[in-house]
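In what follows, chain A forms one complex with chain B and a second complex with chain C.
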Partner chain A sequence: MEFRIDKEQFLKALQKIQGIVEKRTSMPILSNVLLEATETSLLVTATDLEVGMKSSYSAEVVATGKITVSAKKLYEIVKELPNQQIVFSTKDNDWVEIKCGKVQFNIVGLSPDEFPYFPDVKEESLFEIESSLLRGMIEKTSYAICTDETKYNLNGIFAKVEVKQDGINCLKMVSTDGHRLSIASGNLKGSVGPELLKGVILPKKGIYEMKKITDEEGGMLLFGFLDNSAVIKRGDSYMVMRLVDGEFPDYNRVIPTANNQVVTVNKENFSHSVRRMAILSSEKFKGIMLEISDNGIKISSSNPELGDAMEEIDVEYHGDPISVRFNARYLLDVLSVAETERVDMRFRDELSPSIIVPENSESFLAVIMPMRL
Partner chain B sequence: MPFADILGHERIVEVLRRSLRTGKTAHSYLFEGISGCGRKKTTLALIQGMFCQSADDDACGVCPSCRKVAGGSHADIHIVEPLPDKRDISIDQLREMQRTLSLRPYEAPRKACIIEPAERMSVNAANSLLKTLEEPPGDALIILLTENAGLLLPTIRSRCQLIRFAPLSPEHILTLLEQSGMDADTASLIAPMSGGSMQKAIELDNESLAARRENVISRLSQMNINKIASVFDAAEALSGNREETLELLDLLISFYRDALHLAAGSGEIVNRSARSAIETIATRRPISRTMELLEAICQTRRDVQRNANPKLALDHLFMNIAAET
Partner chain C sequence: MERIIMHIDMNAFFASVEQQSNPALRGKPIAVTGSDSRTVILTASYEARAFGVKTGLTTWEARQKCPDLILVPTNNRLYTHVSSQIMKILHDYTPLVEVFSIDEAFMDITGSVSMFGSLERICYLIKSRISARFGITCSIGIAPNKLLAKLASEMKKPDGLTIIRNEDVSRTLEHMPIVELCGIGRKMAAKLALYSIRTCGELGRYPAERLKMRFGIVGEKLHQMGLGIDDSPVIPAEEAEEVKSVGHSMTLKRDIRERADILRYLLQLSEMVGRRARRYGVWGKTVHLTVRYADFTTFGKQGSQPHHINLSEEIYLAAVKILDSLELQHPVRLLGIRLTNLQHQTSQLPLFPEEQTRLKLTEAMDKVNNRHGDFTVMFASLLDQQEKGSHVISPAWRPEGIRNVAVA
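The block that comes next holds the complex of A and B.
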């Protein structure tokens, strides 16, 4: 094959896939990038078998064909080439020749046949989702993803579409680590495939790569499923991620229904107080105590080695007095992603799970287990 | 047909094929047998059979999936073995494997994982595997290969279906060697020496084997009980570490086996090129004495295997051999 491409564009294409190529060397081919020259464009593919990316770029194709070369070395070479058009061609035995002005490189490639199969994306099976909605939902749930690798079915975000009574598809994303649970919801336009109605678990690494895509710019993304992978399409690039093989626990059962002691706090003030009180809590468990009564919330912490601290904030509350202990970090994580000015905290008693939701909003719900101190 | 290529384990192959046919494969297998007896080949055939769509209980061997499995580049097979500069399989490697197993298969209908050699898993690593072994995430197949299942934790053993592979018979090794293009004479010399391991048979390089045989024969013929130094010199020169000494003893066993055959009037000997030297051994003493010496060599071999000092064991054996000359 042979193609000519602008240096800047080639460099951008290679830069994009650097984060994906395999750093470990279990399969040498995975540290390579697959370059495919078709009649009209150049396809650049990289995968580590968990997350993969395929993008198409315009290039002047002289002869079609495909080859794989080391992604890292090719990137380093292209980065240092003069700012001119690059002529990329293959020779016998998977050798590659790169010419740019008076510079010439010959590098060894690997046969493209060995490159892992990349799911063939069919656009009609994808549906549209707003980039900003997806980004917000990932933000609201990714903090609670379990980091214990042995609980593999919790190592990701569970995504499921529930059809509401008025026929609107509501996408729910759920994550939990056993101590806390977070649910984000958002309405989708259009129809979705059967996978989402059943529910899928998106892996942690894929989530972070997906978030990078949504960070870039607004607008619409295409989202869908293929074989055992989830697919995201933006412009001319696809990203695929392999789904987690497992069952997500029935999260509806852990959402308490009888939490009728509701207290509303100002998010900003409350999180500052919690942060202050957390200073004197133990390093490992970060335990702080909330005593809620008609007069307000008394937040306190104590540490036998350091001392104790106490702060009162005024709130409207007319229920029974209640005192409950939390890991301060869990509270702060929730407060930092809730987007309204005030949040509702719903309690039942000292040892039952508590709920935190943004005031007058259904887009987000967090459940936190209290601590025994 | 990959299963058809497996020689000498017909019963095992039948069991595995039946389990593929009925869809009742176990989720974890423990294949026990000496290295080079066909465990790995059977493992790959089983995985090919599972991945390949062409037949219920076998694979076609030519589709992309089968070729990738055979070439070791299939994305749904995870091979765990000690890292190049490490002795043991570490807990990190197993965690990594468990993480990849938690994802859905890449292109095959199921996922597979091979751990070899399983006895090299450290205790911690093995313990971390227990849960996965009992309930592999999403239909994964885990195959452990070991030379000695007794070296594994009982908790690991009890979670796997144990399949024992017998060493290959010399006839099978002979067939395989000839298939791989070795000439019949050399193959028939190497086959009995390989101890049922194809790997060992390939390693037994014929030229160095011949040189070693020359050396042993000349040393043996120079030994004289009246010059006791010659006996000890021979033991000193021929003994090496445990492995090498065992190899030497195997060679001696084959000489005395041939000598017995010659003395009994049979021409079926292994060391054809050393026929004259073996005839000397055979004619020098009565058959009963040759058999005693053969027994003594076998005993020495057992002793060396059980941690006897190779040099001292050879001293003793060679004095015994030299005594009659």
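The block that comes next holds the complex of A and C.
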């Protein structure tokens, strides 16, 4: 195999798959990138068996063939090469030669035959989704994904389409770590497959990679399912992620319906106050206190090793006085992804889940469980 | 200003308490043993010591030395009670009381002497009050620092009073074997013997630089110990260091090898550890499992948890996971579980109802057991368990702490 490719192009291709290749060395082949030179293009593939990506790039192919090499090392090499055309060729016994100007590298690869099977995707089975919509929804939910790997069914985002009365498909994304929950929703144009109507769990890592794809540019993406994987396609590259095989908990029952004590705050001001108060809440004495009454909100925190802090915010509130303690991090996470200028906080009592929603918006809802007073 | 430090040590504490609470035992050779049949002598009365019965002997060995020996199973609750009462008495003479163990304490009485007249009077008052109330004698050592005070109290037992004044220090230490110093064990003594250091005098004269080269920071400390210098303050319980771990271990009634049997003990230990952690409001991120085989080979393994835990079932599951990663070669004699990497937290409530139920259930169990005694409400799989409860002296004499004194 031999191909010639522009350095910047090759670098971009390798950069894209750095997040996907396996960091642990349990299976060396998964740390490698598969390079396939076809008659017309270069195919770059990486997978850790959970998330995989395959992209096609234009290259000047001298001889077709394929090889795998360490994705990380190749990226490091290409990154430091002079800004010229790169000549990449294979030698005997899976050796690879990389030439660029007067630089030459010989590195050892692994046989492409060992590389895991990577599915081909047919475009017909995919449906269109707006990149910006997906991006916003991931942003509003990914912060609450559970990182405790023993709770594997929470290690992702639950995605489900609900058909509304007017026939519009509403996509919901839900994440929870057992202490808080986040729901984003958005309307889809067109039809969806049966998988989304039933609901699927998209893995955490796949979500983060998907977010990167949506970060690149706007427009439309193709989304769909293949075997037990979700597929996302943009232009000449597509990504597959194996769905989390598990039951997502019934989240509707933890969304409070009787939180009648509502207070509306300016998001920016409130975030700053929480951040200030959180300075004194240590690992050991986590949490900040909100005391809400007719006079406003009193936010306070104390830390026996440092001291205490207090701040008052003026708000309109006509409900019963309520005191509630939260992990400051949980509040800040929600506030940082809410898009409106003001947010509503809805409480029932100091030990029940509280709701935070952007003012006059249906697209986002966060539930936070308080801490003991 | 020169400090006046007192070390007070109850003589044959457990045995003395037993003899006082049961007049039939007074004047007789008795020994307090662990509560099951397989433990060793914890303390022997002075009558028994005359026969050579000492701490650490198996009951069989002790009987060989003293056929009339009366064995009394340990009564931790009683000792703890007496200990805490004695510590209360000590607080009448200075607030600077450092409870060193259940039967030992350091006191800084520098500022108290003028209030009570003289050193001797303070000692007399303490001794007579403890003796009148509990019938227990104690040995008191007084010196300019903790190291020497402890040494002094050891010098005359029982019922001693030894004062080491500043001018006596070098004379006292000159021929004192180094193992008598608190902090130098047999292993360290053996290492120092290689340098021909056997007495404190020799230790003090040995060049500090060479000790430092051989033992690092400890070398400097050793040098000072040899000279009888010790600047460490008497630290009252409230200021004592934070606890680093919560643990329990138990020697089993018989050696076991069946997984099911081991699991039952692990559940029981998990409940004991969990309950104590919850009582003190701490969560731990690491669980340690200790296993001792019948031949006393002891080893342990630890597992890090994804988040901080303190529910009994979480501790149990973590311990089982560790157990399953071990290949047990021999029958098991002792099992222990320890929770470390502790964190105090205001508890974050769980969102999902089933998790909340779990929490509430545990809280309800704890409430009942706090009121009616350990294991009043328990896991059903523990119903058949023969021996329940703690073989540990609860840290009642230090109500704020979680110090763990393992007995047996």
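The working rule: the second predicted complex is superposed on the first by the 277 of 373 C-alpha atoms of A that agree within 3 Å, B and C clash if a C-alpha of one lies under 4 Å from a C-alpha of the other, contacts with A are read in each partner's own complex, and residues count from 1 in each chain.
Everything that follows uses one rule, which is that contacts are C-beta pairs under 8 Å (C-beta built on N, C-alpha and C of every residue); 3 or more make two chains touch, one makes a residue touch a chain.
Keep in mind that what you see is a predicted model, and the values were worked out from it rather than measured.
Since both structures carry chain A, what do chain B and chain C do when superposed there: clash or fit?
By the criteria stated at the top, chain C and chain B clash after superposition.
So, A:244: does it touch chain B (first), chain C (second), both, or neither?
first
With both complexes superposed on chain A, which partner does A:150 reach: first (chain B), second (chain C), both or neither?
Both partners, chain B and chain C.
Applying the touch criterion given at the start, work out whether A:369 contacts chain B, chain C, both or neither, answering first, second, both or neither.
second
Figure out whether A:227 sits in contact with chain B (first) or chain C (second), or with both, or with neither.
A:227: touches chain B, not chain C.
Determine, under the contact definition given at the top, whether A:351 touches first (chain B), second (chain C), both, or neither.
Only chain C is touched by A:351; chain B is not.
With the two complexes superposed on chain A, say which partner A:325 touches: chain B (first), chain C (second), both, or neither.
In the superposition, A:325 contacts chain C only.
Between chain B (first) and chain C (second), which, if any, makes contact with A:107: first, second, both or neither?
Touch status of A:107: no partner.
Does the superposition put A:117 against chain B (first), chain C (second), both, or neither?
So A:117 only meets chain B here.
So which bit of chain B gets in the way of chain C here: 99-107, 117-125 or 135-143?
117-125
List the residues of chain A that touch chain B in one complex and chain C in the other.
149-150
Within their complex, state which residues of chain A touch chain C.
Against chain C, chain A makes touches at 147-150, 176, 178-181, 249, 253-254, 283-287, 325, 327, 351, 353, 367, 369-372.
Enumerate the contact residues on chain B facing chain A in the complex.
Residues in contact with chain A: 71, 73, 75, 95, 98-107, 111, 128, 131, 137-140.
Any idea which chain A residues touch chain B in the complex?
So the residues of chain A in touch with chain B come to 27, 29, 49-50, 114, 116-117, 149-150, 152-153, 155, 203, 227-229, 242-246.
Touching chain A in the complex: which residues of chain C?
306-307, 343-353, 355
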